[in-house]
Amino acid sequence: MVLTNGYEQNENENPLDILNLTELEGKAKAIIPTGGFGYISGGSEDEWTLRANRTAFQHRQIVPKALSNIENPSTDTTVFGIDLKTPIMMAPTAAQGLAHAKGEVDTAAGVAAAGGLMAQSTYSSTSIADTAAGGHGAPQFFQLYMSKDWSFNESLLDEAKKAGVKGIILTVDATVDGYREADIINNFQFPIPMANLTKFSEGDGKGKGIADIYAAAAQKIGPDDVRRIAEYTDLPVIVKGVESPEDALYAIGAGAAGIYVSNHGGRQLNGGPASFDVLESVAKAVNHRVPVIFDSGVRRGSDVFKALASGADLVAMGRPAIYGLALGGAQGVESVFTHLNDELKIIMQLAGTKTIADVKHAPLLDIKY
Amino acid sequence: MVLTNGYEQNENENPLDILNLTELEGKAKAIIPTGGFGYISGGSEDEWTLRANRTAFQHRQIVPKALSNIENPSTDTTVFGIDLKTPIMMAPTAAQGLAHAKGEVDTAAGVAAAGGLMAQSTYSSTSIADTAAGGHGAPQFFQLYMSKDWSFNESLLDEAKKAGVKGIILTVDATVDGYREADIINNFQFPIPMANLTKFSEGDGKGKGIADIYAAAAQKIGPDDVRRIAEYTDLPVIVKGVESPEDALYAIGAGAAGIYVSNHGGRQLNGGPASFDVLESVAKAVNHRVPVIFDSGVRRGSDVFKALASGADLVAMGRPAIYGLALGGAQGVESVFTHLNDELKIIMQLAGTKTIADVKHAPLLDIKY
Amino acid sequence: MVLTNGYEQNENENPLDILNLTELEGKAKAIIPTGGFGYISGGSEDEWTLRANRTAFQHRQIVPKALSNIENPSTDTTVFGIDLKTPIMMAPTAAQGLAHAKGEVDTAAGVAAAGGLMAQSTYSSTSIADTAAGGHGAPQFFQLYMSKDWSFNESLLDEAKKAGVKGIILTVDATVDGYREADIINNFQFPIPMANLTKFSEGDGKGKGIADIYAAAAQKIGPDDVRRIAEYTDLPVIVKGVESPEDALYAIGAGAAGIYVSNHGGRQLNGGPASFDVLESVAKAVNHRVPVIFDSGVRRGSDVFKALASGADLVAMGRPAIYGLALGGAQGVESVFTHLNDELKIIMQLAGTKTIADVKHAPLLDIKY
Amino acid sequence: MVLTNGYEQNENENPLDILNLTELEGKAKAIIPTGGFGYISGGSEDEWTLRANRTAFQHRQIVPKALSNIENPSTDTTVFGIDLKTPIMMAPTAAQGLAHAKGEVDTAAGVAAAGGLMAQSTYSSTSIADTAAGGHGAPQFFQLYMSKDWSFNESLLDEAKKAGVKGIILTVDATVDGYREADIINNFQFPIPMANLTKFSEGDGKGKGIADIYAAAAQKIGPDDVRRIAEYTDLPVIVKGVESPEDALYAIGAGAAGIYVSNHGGRQLNGGPASFDVLESVAKAVNHRVPVIFDSGVRRGSDVFKALASGADLVAMGRPAIYGLALGGAQGVESVFTHLNDELKIIMQLAGTKTIADVKHAPLLDIKY
């Protein structure tokens, strides 16, 4: 345990004995300080969308394929030309120093050990270079919260490119912070500096509220930004925060090389649909032009299966991995990824699907429970 | 605190630190006497429609517009030729002296400060002139509970017109009082005089039950009444209590200059649909012939957004404002309006809508949770 | 209080101060012995259908008719050529001596005082003649549980006709007793004789379980029985226990002069639909050839309204009236009927319907909550 | 009570006084050791499918046939050329020694006494010959978990054929064990040997986890296996674990002589549909080419009726019978079967269906509660 600006950061480094990802929240709550836990776990307004993200998985059912004559299913997949051991990736999530002293460096290490794809957040506690190094060469994406100051954006993109990231995730659903009551109740200010902000005039993020941080960010994000970033970096730009077929096509028209279906884990626009409920329609519109990433509410192997079968190429998770980080550092993150991937493999075998490609072609049944 | 006929009236005058509008009910319950609180908060029969008013907002979801390239959304709007800073208006609600010693005078002041539209009730605790003066020239409507005595109606309309109101809301869903069990349990009698009733033979409303008050009101209200009031006042007449496309067209045919979709906050006809569930069909039938006002169940910025996107031009709230009045007088009312409008602005930005006109054109997704 | 075979029978004779019909169950439970209360209140199997009977009313909503220009709605109606002050009738329910020492005699008096229609059960605690006399000439029906012994049926029909009943209700959904767990748990035996059974060889019903009583009844009931009873009595025969359009037409073809849509208050076939959910389809098939009676789950004025608007001509209730009987004898029954009719009148006025005929033509909206 | 490898096995031999099958779980929990009870009662992942199996019965309702003129319904039926006193059969369930010292021998006796069909599991605690003898000549099926070692399969099939079984149930939905958390929490290892495994190199199953047992089983099962078993045994092969019309036809094409619709009681693929929700579509596709067996969630006579009316020819139950075994041995099992069959008879009479053939033609109404 280290004290940083009065905030207790765990230094756990151990594998986790995981029963399921759901139980991690309670365990993590016991060791993450209240303000940090509220920031990580909370959603916006009355958290209706946050809850809907979970129940939505009950709207489509897996139809097992009997007599499929398969065994030893493999979760290997290739997306954006990147070979991965699992379709489960790390969602870009901010300020992981709230959960663990090593923050994103450990997360990157854990994700790499599990064979997954890491996504860094602009608001990381650790620097782009350090986080990249944590992954020991494993593939990473860099997520950009656009600043009003384009030179700041360029600086981040330069650093990300230098660190070897394979794609840029442009988050477009957070041009203002969602109304998160937990942060208000806790009067939460970031106690841990955000490494990417330290060298810029707007400060390092420490001691600021979420609203302040976002205020420095760009509120206006349009198609020109997608093009500009793509041209500047010559990297695939994935637009994150898409919830409709129209937006997906609009983004691709603007140069998006990937579509990231997400409602930010219910942290931004409350009152929008559960992400899973719009995934299929978005994926059908995308129609394999570019890869589709999905997140929001994933906790079970069956959730991952359903998302893949509804059109996702990669399925991201955020909170469970952060809880794993808090409870076990890099090894904790690896445990979370491995556990979820193991659940996925069981579901794949029981569903009669040997490969991720098989999963993507698996039929689902729409019965609303 | 003042004691009026044995009833404790608050005199709070302070801004409120509001987390959300839902929490106001509990706080107000602690300071409003039981009978008054029961009258304000209760619905009719087993309050099924009251509860449905809230859950109905889960039937339609906001589809955010990504890459919308907007910032600083504005809630300015113009309805009935009136420029407003917010589409959120004050629903006409009776007997606000139950919540606060200054009653409607303070409510008018608070609504005006927030840039909204005030609606006075026939059964106000304060007089039309006083309430109008409370608003310091800000726009107001006058709501009419028609009396069996037409001369009484004329007198009220004369006074309202003299006070400069910009429209008459004719309530047609309360020709008899709903079966409100809270009032029966509390054996509730109005302890505070109703100013508009004091100069007439039927008394001032003090010491009467709701049923007695309504008994003096007209039970028969038909299209001729709409025409008569419109002709008498030469003001726009808005028919309040419409729940079907047929009624909307019927009312417009009778001369209505506005349609007010409402089930009276679940206080009248229990067993009818949630107001939000019928709003879209009514608005489509109205088809912009006249403005549409909506109320019943609004508590969140996302509710306001969904109502506007479903066809409302103005979205009214009643109970939360009354709770704000109890807790903070004029400043409390202003806090409630400002808070809800701030939530709306966040939703507008996240949904990618810069103006109220944009919101009205925003698509919603019908997924029933 | 009188002790009959060790069973405590109330002798209450007083009007009731009723808030709503739902609260009567708890009050009655406090004064009716456990076995009797279990028999009256219970349903079959896991009581799924019993509960569905209540929730089904949430599947259709009342659409108020604004500007309807009506007042003083009247619940007067004429069905089967009988003039009634209310469309609410007494469902035939057995063994009312379990609730009150005077049993059906008091029920008949209370229903008559409220201007409703009384239906006697074959398994009444009091005799046909006594119950008829209790109603002081008010209209009554006689409900027949067919015996295997036709002479017994003839005897009952003779007595009913002599007593002046205006119709025969032939119950066809109870050819064996539903699996009622409360009776099994309580090891319930009828402690009170059933008057109509006393003069016959199979005994008086006292000390028998429900299964024994039903065992003496006919299990086979077919269309010939309808014709035979109609011809024997020259009275309208109403077939009770119809839940499908096909059955309704089949029964009418067999000579039924009325169709009684009911699932026996969830006491017989568990796993069947809520009665209200099938009412409209049955009524449409009947298409005014004969009157339609409805029961199962009615507790609110809005329920009565919805049933009438879905095609019922009469709406029956059972348990609430029995609870009223227990709590207040004849006056208690009258209070229950009057209260429910008062709720109905409020709903009628608020819905803009002046007559029962208007209610029958009122539109409902199908929104499933 | 006997202690076997430290595990307490009941030796109860008595008939049960059953209120309903649901209550058996609680009673059995009190006498079955924790690990065994967790294994028997548990489902996979978060047990969503396990719960859906129960609620699905609320999606279709029984429409009673009034005036059906029937009595004394009979549950006699003939399936696969086998005459049975009831359409309720014993689902093949493993390791019944966990519930009772006599295990499957007693179950076979109880099922035989009730006139039902017994299905032995490959993972039975008692041997094929002993279980067959327990049934005293009553019809039995043998369920095969295919081993990777074909000679082992042949040995089992030889023994089953020698024991006179009338069909082979090939389970295809368990090529890997579902993720059952109860077993993990209890660190459950089989304390009781599995008789069919004792003579083979892979050991007797004692002291192994479920995962170990399944690991010895074949993961690859395809159409050739169906043909091979059918040819080897010259017995009807029933494919168990079918959940879609496509799979049913595929299996029949591969030589299946029966289709067994099941999701393994929610113990295998979580996130798939409730079995009852897919039964009708599967049965329609099968279209009487071969018999259809159904299980998963059956607890009530109305459930059995609904399954038959949705296309099942036989309806199996597992857990309730095991609980009956624990509580009363062979007599306990008989009590469970008899009770459920009695509930079915009541439903048949009330629904107006005299024979199982009538039930199969009974209409259901699709109202989703």
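Per-chain residue numbering starts at 1, and chain names A, B, C and D are given in the order in which the chains are listed.
By definition in this document, a residue touches a chain if its C-beta (ideal position, glycine included) is under 8 Å from a C-beta of that chain, and two chains touch if they have at least 3 such contacts.
What you see is a predicted model; the values in this text were computed from it and never measured.
**Q** Moving only to chains each one touches, count the minimum steps from chain A until you reach chain C.
**A** 2
**Q** Is the contact between copies chain A and chain D built from the same residues on both sides or from different ones, judged by whether over half of the numbers are shared?
**A** The interface is built from different residue numbers on each side, given that under half of them are used by both copies.
**Q** Once chain C is fitted to chain D on CA atoms, what angle does the rotation have, in steps of 5 degrees?
**A** 90
**Q** What's the chain with its C-alpha centre farthest out from chain A?
**A** Result for the farthest chain: C.
**Q** What's the distance between the Cα centroids of chain B and chain C, rounded to whole Å?
**A** Centres of chain B and chain C (C-alpha means) sit 42 Å apart.
**Q** Using mean C-alpha positions as chain centres, tell me how far chain B is from chain D in Å, no decimals.
**A** 60
**Q** Touching residues of chain D toward chain A in the complex: what are they?
**A** Per the touch definition, chain D meets chain A at residues 45-46, 48, 52, 55, 172-179, 181, 184-185, 219-226, 239, 241-244, 247, 250-251, 254, 263, 268-274, 277-278.
**Q** Where on chain D does chain C make contact in their complex?
**A** 19-20, 22, 57-58, 61-72, 300-303, 305-306, 343, 346-347, 349-351, 363, 365, 367, 369
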